[in-house]
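Please find the structures below.
Each of the next two complexes has chain A plus one more chain, namely chain B in the first and chain C in the second.
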Partner chain A sequence: MATTTATLSIASADLLPSSPLSISASSTLTKADTTIGLHMMESGSGELTVAASNNGVVVKEATTAGIGTAAKVYLCNKATDPTYYIQVKLHDAILGRLYAGDWMFMPWVQGDTDAEISVEAEGGTCPYEWAIFKEGETMVART
Partner chain B sequence: MPTLTPTLTLTSTDATIDQLAFSVTDSLSVTAPIQSMSKTIAVSNVGGDNIVVPATGGTVTYFYCRHTGTTDGSTTTTVPVDVEETGDAAFARLAAGEWMFIPFCHHAGNVGIQFQVTTATNVMMEYAFWTKA
Partner chain C sequence: MATTTATISIASDITDYGFALSKTMTLTKAGITTGIENTNGLAIKKLAATTAVVLELAADATASGANKVYIRNTGSNKAEHVKISLNASASADDTTEAIGRLYGGDWMLIPWEANGTGHNIVAAPSTASEVTTIEYMTFHE
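This part shows the complex of A and B:
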């Protein structure tokens, strides 16, 4: 199975000048409760236009088959205007706010089928990109 | 204002024939409240016992955390830990060794972040946060 590695570094020279900050964390992306690597990746990009509240774009639906499985989500706001931001939602809950250039990476917990991830632009049109690393899916039979 | 530079790198040489080599970075101006790199032992499967980010007052909080894979810094564990807003809704589940980084800003405004171990056991977690300037 695939070995995909996610590495984070956080640095700051001026947070505490006498002791520069340097954080590094790395993990291999695995299926839930195993050491088997995730081998499916979905990704995309687009432009989010400002829409009425709750009319954002669903990045990934939660599914019955996905409950309890592992998935890692990356999202990035590629806007350049620092006042534009993307609201990241888990169903009805606004979880975070990505201002221009900001990104996030987290293991997404699909507790139920109402755990979809969606995004909404605020302030102005926001180009964005996303990727989800996830477990395999059972192929659908022909009908 | 101090500046944080977070960088994400994703790599794989065998996920597909198209090798993954991806990196994105950012520059964040931050201010107080700040929690320097810290460790805590999440002690139970009651999230309210493990609040690590107090109510944010609606500000953007850059939050980092990592499951150390241990109960106390030395004894290994693979029990996952849910990351929840303080209203008890989980939004991420960290397995041993996994980390996350998000700009947390909950719609309810005055909400923080807590850890909830998925079974009643101890897990040592590493975390830090910074507030958007």
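This part shows the complex of A and C:
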């Protein structure tokens, strides 16, 4: 069983007027409804060019096997120009914008096979990297 | 100008070679290097029913900005979860805007489009037999 931990630290000395902000969180990534660790990982990197139309590229398709699972997704925009951003979508729903240097980490329940994650560069070419931690899959039989 | 940083570290023995990642970002406004200056503060909500509740209203943030949302299930029960969605009425996994499940101890930090009520952040616990405590905070323009 794999053990994967994700820790977070958020800090600011001056966002709150009354006191410094310090948030710490740590999670062991497990399969849905159990204490068994997630044991599959996929990762990659690439460059997103600005699409001519409002169409992004799919980072990961949702699958039938993935529905209702406890997958986690990490995504980072490695661009350096602050005006460049990556728009992240869950199927038709825009989740938000990752500006240069921004990263995100989220659970991904894959509610149905249409719940793909897609990304689209805006402003300029955005290098990016991603990783998905997930439960096992039944491999497709050879044809 | 406020300076707020967020650092993620992931460590795993998922392969024989291991996996490690660490990344720090500074939370800035859209398209510039000026730091995010607004927040609704760190909030706690205790949920004792499976009814979906709105954690954050999109109207409180700047639409299509560089907003961020942090949410953590502060519990330790890995058999129960709270489902996070982008829809005010979402309670099932297969709603179009379902994001994912936060089991006990799980956290998330995501960008937030915050463009209309369809982007309200909603939480729905999987159980009413125990209190689910959610910690959350938004950073917005």
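One rule holds in what follows: the second predicted complex is superposed on the first by the 138 of 143 C-alpha atoms of A that agree within 3 Å, B and C clash if a C-alpha of one lies under 4 Å from a C-alpha of the other, contacts with A are read in each partner's own complex, and residues count from 1 in each chain.
Throughout what follows, a residue touches a chain if its C-beta (ideal position, glycine included) is under 8 Å from a C-beta of that chain, and two chains touch if they have at least 3 such contacts.
Being a predicted model, the structure only gives us computed values, none of them experimental.
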Room on chain A for both chain B and chain C (clash or fit): clash
Partner chain(s) touched by A:41 [first = chain B, second = chain C, both, neither]: both
Touched partner set for A:76, first chain B, second chain C, both or neither: both
Chain B versus chain C as contact partner of A:101, first or second or both or neither: both
Partner chain in contact with A:90 - chain B first, chain C second, else both or neither: both
Touched partner set for A:18, first chain B, second chain C, both or neither: neither
Of chain C and chain B, partner touching more chain A residues: C
Contacts of A:67 with chain B and chain C, given as first, second, both or neither: second
On chain A, positions contacted by chain B and by chain C: 2-15, 21, 23, 25, 27-28, 30, 32-33, 39, 41, 70, 74, 76, 88, 90, 93-99, 101-109, 111, 131
Complex contact set, residues of chain C against chain A: 2-15, 19, 21, 23, 25-26, 28, 30-33, 35-37, 39, 41-42, 64-68, 70, 72, 78-81, 83-84, 86, 92-103, 105-115, 118-119, 137, 139
Chain A residues within the chain B interface of the complex: 2-15, 21, 23, 25, 27-28, 30, 32-33, 37, 39, 41, 70, 74, 76, 88, 90, 93-99, 101-109, 111, 131
Contact set on chain B toward chain A in their complex: 2-16, 20, 22, 24, 26-28, 30, 34, 37, 60, 64, 66, 78, 80, 82-83, 85, 89-95, 97-107, 126, 128, 130, 132
Footprint of chain C on chain A - complex, ascending: 2-16, 21, 23, 25-30, 32-35, 38-41, 67-68, 70-72, 74, 76, 82-83, 85, 88, 90-99, 101-109, 111-112, 114-115, 123, 131, 133
